[in-house]
Amino acid sequence: MHYLLFAAALRKDSVNKKLINLAANKLQEKNIDVDLADFAEFDMPLYHGDIQVNEGIPAGAIEFTKRMQQATGVIISSPEYNFSIPGTLKNLIDWVSRINPMPWKKQHILLLSASPALVGGNRGLWATRIPLEGCGAFVYPDMFSLASAYDAFNDDGSLKDASLQKRLEDMLGQFTEFAAKNK
Amino acid sequence: MHYLLFAAALRKDSVNKKLINLAANKLQEKNIDVDLADFAEFDMPLYHGDIQVNEGIPAGAIEFTKRMQQATGVIISSPEYNFSIPGTLKNLIDWVSRINPMPWKKQHILLLSASPALVGGNRGLWATRIPLEGCGAFVYPDMFSLASAYDAFNDDGSLKDASLQKRLEDMLGQFTEFAAKNK
Amino acid sequence: MHYLLFAAALRKDSVNKKLINLAANKLQEKNIDVDLADFAEFDMPLYHGDIQVNEGIPAGAIEFTKRMQQATGVIISSPEYNFSIPGTLKNLIDWVSRINPMPWKKQHILLLSASPALVGGNRGLWATRIPLEGCGAFVYPDMFSLASAYDAFNDDGSLKDASLQKRLEDMLGQFTEFAAKNK
Amino acid sequence: MHYLLFAAALRKDSVNKKLINLAANKLQEKNIDVDLADFAEFDMPLYHGDIQVNEGIPAGAIEFTKRMQQATGVIISSPEYNFSIPGTLKNLIDWVSRINPMPWKKQHILLLSASPALVGGNRGLWATRIPLEGCGAFVYPDMFSLASAYDAFNDDGSLKDASLQKRLEDMLGQFTEFAAKNK
């Protein structure tokens, strides 16, 4: 039993990478194995129907699908772009959805978001639920949205706000319990 | 006064290309000038914050912005992918939104969709409104969703269903009136 | 183990009542007990903060909560009003959400919709997921949307389209398995 | 030329009433007439198809429609309930949408929200756009969301945060310009 984790951000200094690292650490502290991936490992072009027909599904989408299917669940930390899902993450969902049978079906997914804004990345996560649930995934109802993220982390990677840190840990505990039971 | 039109699909035989061609023809019949673009003209990588910092906004996003700002309004025909906006179209919105001042602000946009499904691409269009309106665009309230699109067109590019064809023409008339008045 | 079922429609001849009756019959055929409620049993005023303070939670919301908490899961068949959730169903969600602790949390919910339109009531169901999931419910990813509902039923209450009927039965089976396992 | 304003909240001490009062004052300072309504003036039962058939559209929905149609535009300040539109406001939209021809069509609407939460009521406003735009209304792209509203107002009804106050005034100016030009 292990979990696949990644931040849906390519930038090196992404706050979503910090948040997913924190989530990975917390799982490992509870002796839960993690496959902590970098989004760049799942490199793929913009979706193009003719590429699919002529060259097949890109290697990055196949690699992601394999890693997801080996895991008990997936934890994604995603930025919000323009009140919605990043085009990059949607592009991953779109390519993976072209694999048959539908790889997202019955996968267990927890969504996190870190944002420099006061409002957090919550609206982006709501937009992310729709294609995932539409593809049949069990997206955990609770989601974690970290606002003002540039100033949210201690040097050791934990959150300065202890109640937020506890909320994240509780959510990870509840999600992994749900995924393990329901799988 | 002219309109920028494109189908948010890269595939050569896209039904959204057929639909945007029909829209372009109908505008031209009314002596309205069109800039009928191919989505591939706006080629750009997946959004990557480090690329933005190190290499700047990609040429495709700059070209799109220039063409949009010269036009009175924009008409997009987009497929629906997984109940939502295509990653490719969202990626265009994301890159363009990084240009300052915000290029989408106060642009007039009409959304069309063609889909082989019975349900049409309506849910994808609703997901497309959010980032565009969040960026300040006037997205026309009415949207046109063509269902069963593989069998919807006559050989001359018009719609077999005359009432649908009239609905499209009326919507184009109302949208261009709105954009011209409000610009 | 039993399920609470209701149609979120007050009208006597509602197609959503027909659909929820069919769902109830299918569960009973598999020896699963049902509590088939009428939406009118959960009568309550429009939400009003002063009523909550002065008179407390209305009896209909308390009754609904009790019945939901006794059940393993809830199945709702809801019409779509204006591309979204009916005000009546949202009003029920709002009142119930004022009860402490949050009654929706960790409830298992399956959403169905019947609509006279060609498109079905799918967009309304997507709008219904948001408040339920926001309140912590496990809303089953798959949803059943019956289009052209005035002409969809046989006299015995089954669906004329055998593949749709099978799809409904399969979804009921998968949902009840999920709810029973995860509860 | 005048505007219809109301808070979609029945509670006497609603922060949305404070916000709509502020908006009304700002319009009047610019010599724009306002029809500042109380939500309770548009009293109506929960939507019920049989009531519509047997008793017709309720007086509150007819009154609202008359007042809206006399105005150049409508400004609504609405709370967010459970990440979405209040059932009460949706119920108004639903009843009014049953009047023929569709009263919402081509109405100009600006959405505001006040919320005691840090996040503001922004998600509720996004859920409110959908039925209004689906019914053909021009919902202004920019929306105003006031967070931490219990502590946001001065005794004279203005906002403590001068930059927020300016943002509201600018938005009112841009919306009324848009509505007057496009009407």
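By letter and in written order, the chains are A, B, C and D; residue numbering begins at 1 in each of them.
We adopt the following convention: a contact is a pair of C-beta atoms (placed from the backbone, for glycine too) under 8 Å apart; a residue touches a chain by one contact, two chains touch by 3 or more.
Quantities reported herein were computed from a predicted structural model and do not represent experimental measurements.
Common neighbours of chain C and chain D under the contact rule above are A, B. The chain with its Cα centre farthest from the Cα centre of chain C is B.
Rounded to whole angstrom, the centroid-to-centroid distance between chain B and chain D, based on C-alpha atoms, equals 30 Å. Averaging Cα coordinates per chain places chain A and chain D 36 Å apart. Touching two or more other chains at once are residues 83, 123, 126, 130, 134-135 of chain D. Residues of chain A touching chain D in their complex: 83, 118-120, 122-123, 126, 147. The residues of chain B lying in touch with chain A in their complex are 9-12, 14, 46-50, 81-94, 97, 123, 127, 130-131, 134-135.
Touching chain B in their complex are the following residues of chain D: 126, 129-130, 133-139, 141-142, 178, 181-182.
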